[in-house]
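In the two complexes below, chain A is the common chain; its partner is chain B in one and chain C in the other.
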Partner chain A sequence: MKFIFALARKNLIKKPYRTLAMILLAALAAFTVFAGSIVVLSLNNGLKSYGERLGADVMVVPSEARTSGSFDDILLQGITGNYYITEAQLNRALSGVEGIEKVSTQFYLASVTASCCSSKLQIIGFDPETDFTVQPWIRERYSESLGDGDIIVGADITLNSSMTLQFYNVKCKIVARLDKTGTGLDTAVYTTIETIRQMAENAVILEHLTEGYDVSTSVSAAMIKVADGFDAQSVAGKINGRKGVKATTAQSYVSGVASGLNNVAGAIGAMVAVVWLLAAALIVVSFVMVCNERMKEFAVLRAMGASSSMNAKLLLTEIFAVTAIGAVTGVIFSAIVTFPLTSLIKSALSLPYLLPSFWAIALTVLGAIAATLVAGAVSALFAVARLNRSDAGLMLREDA
Partner chain B sequence: MPLKAENISKTFIRNGKNTNSFYAVEETDLLLENGTVTAVVGRSGSGKTTLLNMLSGLLTPTSGKVFYDGEDVYSFDDDVRSKLRNKSVGVIPQGQTGLKSLTVYENVLLPAEMYGSVSEEIKERADELLKAVGIGSLKDEYPNELSGGELRRMAIARALVNKPSFVLADEPTGDLDDENTLAVLKLLRSVADQGAAVLIVTHEKDTLTFADKVYKMDAGKLSEVKKEE
Partner chain C sequence: MKNRYFVFNVSDFTLLLTSLAFFVGTFTFCKACGQTDSGAYMSCHWAENALKGVTGVMLLLSVAHLIIRDYGVKPGLDIAVCALAILAMLIPGTLINTCSMPNMRCNAVMRPCAIIFSAFATAFSVIDLVFYLNKKRKSK
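Our next item is the complex of A and B:
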């Protein structure tokens, strides 16, 4: 094998353009498979995280929320929004609706710029007494109760050494940072409804929030848990029959997003498959062409005493080396392009996008390399079959 | 110990409008004795190269057997037969056969490297052979920097590096000028004088003066020619 490795190395080095072209083809296949897989995995991961974070069966927002900074903008894109309804109006809208087991209100407030971030943040205030949607996953990071002025920040918010942030003259202490979700919630700040109302009152004074809202009695949304035996869709339907509010089921959010995600993932998957097939076909054709071109060279080796299997091993070694180098190069370039562009991809797709775990990425790396090596192996099979069909004696003829 | 062919023949299938087969080499016997140079002459397409390829273990005969030192070459599998060819046979193929990724010196050492490490003795022998064929100064060049004649001489040195018992040369002087033709034929003669059995397939008459036996190949039929003819 030492002889074969040495000869394969010299063959590859001495034909740099041919070798480089092969490496680039393999790299293209690996690049596409890795980048495509990471995007599809991130979308699936984002959807899973999105579904887990919703927590409620039905979400109720003021009718105006559909046009100004709507609920899914906040959840998905991190687009900030301020919309309010009085608790009295909300209670009227929900009163008498059968099937509501729990209700918890939330208060949303868009920040002006903060030191941590280049853009506005969505501040979400929840009622610790009634909340059943935010606290269960906040507890993964912070198990104590939130005090006055305490905030928990999303994963994309930069922490400073003082661990404080100030919103509308309210100095807040960061007590925890949440895991990444791949949704707009990564740029959100969570606090109690009391703290956020202090901010909102200052916002009115500072003329960042339109006068007319009585922030002490207003809320932005109600999260509803539907009682066993009731259908969320029918509960939402009943609420939608009331004035001033709009109800949506979590299922419809998730399925709407899932449907969009399936379309995007399907398109990306198809693109990956097409590019991989094209690259694989090009690799196969190129190697078979190279093999044809080198028939006499292999025949000369046979004349000197190389067996058919030795020639096949030489060819396989060269193909394996080229596809392996190409695969690793492709994955490295793919990672260099894909990871830094995460936020760009996320905003372009307008879907929950959460990078998979380290181990899932490691498996994807191995998968992309394996997929490229498979293309190389297929081409090797064709090339070796071509080699074995050839007759060394005939190939050695001067006119061959 | 000689190289012996018994009743070997080769038939090829011609794939045309009317599929049929034809004899490239008709049934023939041949004995290449150690210490002798045997020449096979004949026109292009007469079957000389096919005969040489069968003798070298590269082309399985349609019928008959080939023996190296009494061993039936084609009774072995390809791995064993190839190793035997590497050890016992020096093949000088037609045309330009330099491996382009290797230097002249590396090309010459290649048969020795195939199944083991290269000893200092082999390296010295490679140097001597390159000098003997007149391309000692070109050892570090690559084949694409050599002329056709220089490449032929490189192939000759390469075929002899393992000190083979049998040397099978297909038009070894094809691209050479008179001076180099003479040098190569003298070298092959000296290899035979040192105990090898040498077969030269050629259409050049110069070769005949160095041959102990001469055969003529005509349309696949091999017949011995008296040297006076």
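Our next item is the complex of A and C:
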């Protein structure tokens, strides 16, 4: 066996360009399988996280929110937006609608890149007394109640040593940082509705927010929990019949994102399958061609006393070595490209994108290597079958 | 005597193309964030400028690596390119700060591109170094 390994090694080294081409083919298959799998897994992970964070059954926003900086833009891409409705208008829209168990209002404010603010972020203000959507998952990180000027930041916001951020000249203390969600919420800041209204008042004074909003009585959205026995879709339908507001069910947000995600995941899956099949076919064809070219070499080995099984072992060792090196190289290069580009992929797809856990990534690495080795094994079967069909004596006589 | 000189190798071109793509990238597709609303530059702009300089030197060394035929010099150039590639990888985010938000251009595009191109340049220069050291050893 040691002799076979040494001979296979020499064969591969003596034909560097052929070996390199084979390694590149195997690397291409592994690269595509790994990168495609990571993107699909991250999209599924992001959707799961997105569904978990919505919290409410129905979201009610002012009609204008559908046109600029809408709720799903904030959730998915972290696009900042300001839109308001007075509490009186909102109460009118919700009054008399059956099936509403809980209502909690939220206030959204986009910060700006100016001296008043540390950076451009979406600030979300919630009412701690009535909130049932934000606090349950904030409690995973911060169990105290939020004080005046306290903020909780998303996972993508870099903390400074002073643990403070300034928005519209209101200096805020960062009390916690949330886990990554893969959505626009990773770049959002959470605070109480009192603190955010203080910021909004300053924003009006600084002319960053249009006058005409009475920030002390305005809100941006209402989160509704539907009572047992009622259907969220019909509650949203009733609210949509009222003037000035637009209600959407959480299910429709999730299913809208899920259908977009399924399309993207399907396209990526199909592309991965096509590239893998092409690479596998190329590997098979290349090895069979190489095997055909080397028939005389194998015939000489037979004439020198090597058994046919030894020839088969030699060929299998070469194929395994080439596909294994290619698979590992492909996965390494794929990881070098895929992981640093996470933010870019997320913004290009405009879908929730959250990298899978370490163990899921480790399994994907093994899966991609295994998929490439399978392609190598298939080509090995063809090559060995071709080798077994040939007659060594005949091959040598043909040469003569 | 013939052994002391040789024609170009695939790895010479791979290294040159990687350095060229990296250098061109710093002026085009992997630029940092633009000016702020107030007209000021953020720190990532200086990281971009530093990258331009380092990748420019990398490109010059890669061209020299292709032109110079003495394979006593080539490994030295490989080591220099490798060191510069590692430096280029560390510039955005480690040696010079980028913006605080991960979805900003400097973090989403410039830094990943610097990591990817640097990793490729490091890998290719190491492969090239091994190749030429091996060739030099065999020629003795």
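A few points about this structure:
Please note the rule applied: the second predicted complex is superposed on the first by the 392 of 400 C-alpha atoms of A that agree within 3 Å, B and C clash if a C-alpha of one lies under 4 Å from a C-alpha of the other, contacts with A are read in each partner's own complex, and residues count from 1 in each chain.
Going forward, a residue touches a chain if its C-beta (ideal position, glycine included) is under 8 Å from a C-beta of that chain, and two chains touch if they have at least 3 such contacts.
Just so you know, these numbers come straight off a predicted model, no measurement behind them.
Superposition model on chain A: chain B and chain C are shown accommodated side by side without a clash. Applying the stated contact rule after C-alpha superposition, one finds that A:13 touches chain B and leaves chain C untouched.
Legend: residue contacts after superposition of the two complexes on their common chain; A:156 is shown touching chain C, with no touch to chain B. When the shared chain is aligned, no partner comes close enough to touch A:195: not chain B, not chain C.
With both structures placed on the common chain, the touch criterion links A:183 to neither chain B nor chain C.
Once chain A of one complex is fitted onto chain A of the other, the partner contacts of A:303 are limited to chain B, with no touch recorded for chain C.
For the combined arrangement built by superposing the two complexes, chain A sits at the apex of an angle of 60 degrees to chain B and chain C, based on C-alpha centres and given in steps of 10. In the superposition on chain A, A:89 makes contact with neither chain B nor chain C.
Shared-chain residue A:218: touches no atom of chain B or chain C. Distance between chain B and chain C in the overlay is 12 Å (nearest C-alpha pair, rounded to whole angstrom).
Taken together, the two structures place no residue of chain A in contact with chain B in one case and with chain C in the other. Against chain A, in their complex, chain B makes its touches with residues 49-50, 53-54, 56, 58-59, 78-79, 81-83, 85-87, 89, 91, 93-95, 97, 99-102, 106, 110-111, 113-115, 142, 158, 170-171.
Chain A makes touch with chain C in their complex at residues 17, 20, 78, 112-115, 118-121, 156-158, 186-187, 333, 336-337, 340-341, 343-344, 346-347.
Contact residues of chain A toward chain B in the complex are 3, 6-7, 10-11, 13-15, 296-297, 299-310, 391-394, 396-398.
Remark: chain C residues 10, 36-38, 99-103, 107-109, 111-112, 115-116, 119-120 touch chain A in the complex.
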